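Presented sequentially are two complexes of chain A, the first with chain B as partner and the second with chain C.
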Partner chain A sequence: MNPSLILRSGDDRLSLKIPRRTLGVVCILAGLLIGCAAASLSLGSHPTSLGDVASVLAGSDDSGLSLIVGEIRLPRVLLAILAGAALGVAGLLLQGLVRNPLASPDVIGITSGASAAAVAVLTLDLAVRGDALLPLAAITGAFAVALVILALTGGHRASPGQLVLVGVGLASALGALITFMLVLSGDASAMNAYLWLTGSLYAAQWGDVIRLAPWLAIFLPVALVCARQLDVLALGDPMATGLGAPLSGYRPLMLLSAVALAGSAVSVAGGLSFIGLVAPHMARNLVRGGHTGRLVTTAFLGALILLCADMVGRLGFAPRDLPAGVFVAAVGAPYFVYQMYRLKR
Partner chain B sequence: MLTSIYGKTTGLTASLLLLLASFVASLALGHYDVSLATLRASFMDFDPASTGQLIVVTERLPRAIVAALVGAGLAVAGALMQSVTRNALASPGILGINAGAMLFVVVGSAFLPLQAPWSLTALAFTGATVAASLVYLLGREPAKGAGIAPLRLVLAGVAVTALFIAVAQGLLVINQERFGDVMFWLAGSVSSRSLDSIGPVLPLFLLAFVATALLTRQLNILGLDDAMVRALGQSTGFVRLATGGIVVVLAGASVALAGMIGFVGLIVPHLVRGLFGRDHRWLLPACLCLGGSLLLIADTAARFIIPPREIPVGVMTALIGAPLFLYLASRRSPSL
Partner chain C sequence: MIAPIPKRPAVRFRRIAHPLLLCLLAALIPVACADTPKRIVTLFQGATDTALALGLQPVGVVESWTQQPAFRYLRAQLGQPTFLGLETQPDLEAIAWLQPDLIVGAYGRHHLIQPLLSRMAPTVIADQVYDFKALLHRMGEATQHQAEADRLLARWQQRVADFRRQMADKLGDRWPQTVSVISFRSDHARIYYGGFARIVLDELGFDRPAAQDQDGWGIKLTSQESIPTMDADAIFIFMVESDPAVMRTYRQWTAHPLWKQLSAVREDQVFRVDPVTWNMGGGYLAANRMLDELYDHYRLSPNTVSRECPQC
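And then the complex of A and B:
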């Protein structure tokens, strides 16, 4: 049997090749994601049957149910899916861009930029969790860091290695700045800022989902278009240039997409780490072939990781609601070390 | 750069004097100014009734000793790591060794009933060893014999640091009552240590410094390229392993005393290499003196920037060190 499905338009001008394995993996992941979302919608301190969940989604007017499911659980589930997908894709783009499996938004300082801005806002008592100012500050911080990285490395001429090293330096400087702000502020607001830094979806609202969705709507398609270039880029700069890939045009575009995706996700969900590092590795193990299939798989995996972590944090330790970031790190970090060890051999 | 033996001796003497001067300044200066006469009296003829003398002996003396030891230890560890990995960006903070030691100390002190200095130090060594092995495993080049790639090593260090800090943050969020304790280790501070808790750690520092002194000739040979090193009959494996052991002891003991203080191991060796060149017989003693001075000066300055609060000394060193890191990173090649 042919390992790929090939779709052609009538006049053979456009064609699409889909490896069956990728298709299968994506279908399974989508099924798992839907299952987890359904479980997350129905479970909680006030368990709801799946039938009731379906009736709320279909537009029931039972006010109690629609408050719990429609206003509290649904935005949280959607936010987990969107933020997880965005972080995973951002990680994949960065890893392809610098050709290093250790790059990710948190390692090269984008998450730190967003975190520093958010912690500044929180510890100066300019905003509390849930204000619209917080995501705005965070995404500004993410872009500011990206600009500084580009300025320090001389823009598009920089080698990927320099890009990463400068990002690492900025991340540690911003880490010191965050510590400074936490130590100087009162215990209550410091703890509040710390919860944000760990990454939590607690008290997610529809406003957060609406703020995050447009970024994904714009930059996920851009990333999908860039994915083809990543295949060429993986061969090395001289080979890619020889094959006619417009590197100097695509590099900034990929960096911009990665920053926008990671920055917007972090701005609503807090300083989540490891999704951008781990999801692309998992995808690489699951599907073969080009970056396009891998990107779709990564998006689903990222969403699934964050959704599951949030569910464990919300349900596993009830009545306490632990931040999802703790569980992402607890699963992601060992997996990452194992993966790195395996790549050696 | 100082080239003649005479110039280098003068430079080393000056560094030693700077260390002494900053030690005295750290004892005398602060929110409560102490005169030099009081300072002398508190050592010659201690009078517990005098506030000034009490502050010097119980508060500032342990603090100055910790700052000098930790600064010297981290600077020497940084110099050793840079020589062995031939990587200008290597240092205990950036390669995750401090973070590993920090996590183990946090688990021990905040979540298990371990408070004795020796048990915390043992935990810090374990953490530092775990982190160093992880970074070495992850940072090696996949191809055989290719050695350690600069960028790969730094990224492995950063990823391992992220891992340990994420776990520490998770523990902190789960157990919020210990917020203050954990922040102490995360932010790094040389204050609030008593003389009793320094005692058990002091011999370890001295032992590590002596071992370093014994290795200087081998380290000089290690700076040549690999073929030359082999031709000279140097067993690189042993020297690398011994140096790794010393780095773990120095970084672990520093973290057990003062938490995570970054960038000292990065700044001081670069400064000293600019002054004294690459000969380890001069480089290492100068790192020792200037590392201690840097942390003493940073800690003293931290008392004056926003009185009456103090800036954590780890933040002070990061403010100096981060621009240097950025400068080194944006150069064309990050090798030594």
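And then the complex of A and C:
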């Protein structure tokens, strides 16, 4: 049996190769994601039956349940899916871009830029959690760091190594700045800042979902188009140039997509780390072949990781609602150790 | 401020009705006066304290910072409320299930969830968690216990005046005394320029060292070289004494030669006080207990108004 499905347009101008394995993995992940979302919608401090959830979603239930399911649980589930997918894809783009499996939005300074801006706003008492200024500051911080990285590395001519080194350097400088601001701040604002830094989907509301969705609507397709170039890029710059890949055009575009996806996700969900690092690795283990299939798999995995982490934080310690970031790290770190162990063998 | 709130007929009725008319109606139909909020949810420590001071038992409260799940000084009156998790991220679903008719939160903590809260019930959002008098006033208004709130506030003012008079008599020209409010944490020390204890002390007429006459909550000290800035006629220390790391910091700092040179230390005027009443409680009852401690501490004769607050 042919391991791939091949779709061609009538005149052979467009074709699409879909490995069966990738298709299978994506279907399974989609099933898991739907299952987790359903569980997350029906579980809570007082569980609701799936039937009730369905009737609320269909809009036929007007009781107090519609507040709990429709306004408290549903936006949170959607936000977890969107933010997780965005962070995963951003990680994949960066890893391909700099040809370094350790690259991710948090390693390369993008998350740090967003965090530093958010912590500055919180500790200077310019805003508290829930103000519109906070996500705005965070995403501005993410883009500012990307610009600084580009400026310091000479823009499109930058080699992957330069990008990583400058990014890591900026990340640690910003880390120091964050610590400095936390030390100077009072109890209340420091507490808010810590919660933000851990990354939490607590009190996610429809406004957050609406704020994040457009970024994914624009930059996920862009990332999908770029993914093909990542396959060529993986062969090394000279080979890629020799094959005619327009590197100087695609590199800034890929960097822009990664920053936009990671920055927008972090701006609504806080300083989540590890998803951008771990999801692409998991995808690499699950599917072979090109970056296109890997990108789709990564998006589903990122969404699944964040959704599960948030469910554990919300339900596992009820009535305490713990930040999802704690559990993302709790899953991410052991997986990374496992990955190292595999590499050694 | 009371946030813009659900369109409940009862609330609207309250707005348009003249109090006299309301009472007349109340005499006729007792049910109409069931309008006062009965199911109160308090989302920070000071709000729980204040509700109990007003004689109201909240149906849902957040966990305390220490002595979980509730501060010991409140337990007897608290009954069996539903605990809603931590003050920073209370369980929203659990609040909704309680079907409250009043929710009390604080701006710095609950601004994020305020849109959701005000879908569930009328909300009172305090500007500052430590401003216990403003909170008492606003909660009294929202629960239609204005008279009780005013009475408690008057009682507080009376106690303050009595304390100031007795202190002036007792200390003579050593009054007003300058005092520092210090706290030790696991990895640093703090001087408070603001916050609950400091505003109560200010109101009681205590002075502060010139170096501490600053805006903001206070300062975190990580170097023991800054110990001299703690000096004052008297030093009050609160810390979580059950935490070994805190006590280690405390021993290290108080063993330092600079500490021994502080005039408060040489005069033996350093006092350890209860962190729950001095810092975490943050409500009317906590303020009164803090004042009780000060009466004891300065050996003043307990004044007579104490009896007028059954909850204190």
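The definition used in the following text is that the second predicted complex is superposed on the first by the 340 of 345 C-alpha atoms of A that agree within 3 Å, B and C clash if a C-alpha of one lies under 4 Å from a C-alpha of the other, contacts with A are read in each partner's own complex, and residues count from 1 in each chain.
Quick note on the criterion: contacts are C-beta pairs under 8 Å (C-beta built on N, C-alpha and C of every residue); 3 or more make two chains touch, one makes a residue touch a chain.
Every value quoted in this text rests on a predicted model; they were computed, and no experiment measured them.
> Figure out whether A:72 sits in contact with chain B (first) or chain C (second), or with both, or with neither.
Only chain C; A:72 stays clear of chain B.
> Would you sort A:318 into first (chain B), second (chain C), both or neither based on which partner it touches?
Second partner only, chain C.
> Contacts for A:210 in the overlay, against chain B (first) and chain C (second): which applies, first, second, both or neither?
So A:210 meets neither chain B nor chain C here.
> Does the superposition put A:176 against chain B (first), chain C (second), both, or neither?
The first partner, chain B, only.
> Is A:126 touching the first partner chain B, the second partner chain C, both, or neither of them?
Neither partner.
> Once the structures are superposed on A, label A:191 by its partner contacts, choosing first (chain B), second (chain C), both or neither.
In the superposition, A:191 touches chain B and chain C alike.
> Going by the contact rule stated at the top, is it chain B or chain C that touches a larger number of residues on chain A?
Touched residues of chain A are more numerous for B.
> A:64 in the overlay: touching chain B, chain C, both, or neither? Say first, second, both or neither.
Once the two structures are laid over each other on A, A:64 reaches chain C alone.
> Which residues form the common part of the chain A surface touched by chain B and by chain C?
In the superposed arrangement, which is not itself an observed complex, chain A uses residues 183-184, 187, 191, 195, 322-323 for both chain B and chain C.
> Can you check the complex and tell me which residues of chain A touch chain C?
Those in contact with chain C are residues 44-46, 64, 67-68, 71-73, 128-131, 183-184, 186-189, 191-192, 195, 200, 202-203, 205, 318-323.
> Can you tell me which positions in chain A touch chain B when the two form their complex?
100, 102-103, 106-107, 152-154, 161-162, 164-166, 168-173, 175-177, 179-180, 182-184, 187, 190-191, 194-195, 197-198, 273-274, 277, 322-323, 325-326, 329-330, 333, 336-337, 340-341, 343-344
> Enumerate the contact residues on chain B facing chain A in the complex.
89, 93-94, 134, 137-138, 140, 142, 151-152, 154-156, 158-159, 162-163, 166-167, 169-170, 172-174, 176, 179-180, 183, 186-187, 262-263, 306, 309, 311-312, 314-315, 318-319, 322-323, 325-326, 329-330, 334
> Where on chain C is chain A touching in the complex?
Result: residues 63, 82-86, 88-94, 96-97, 99, 107-109, 111-116, 119-120, 129, 216-218, 220, 222 of chain C touch chain A.
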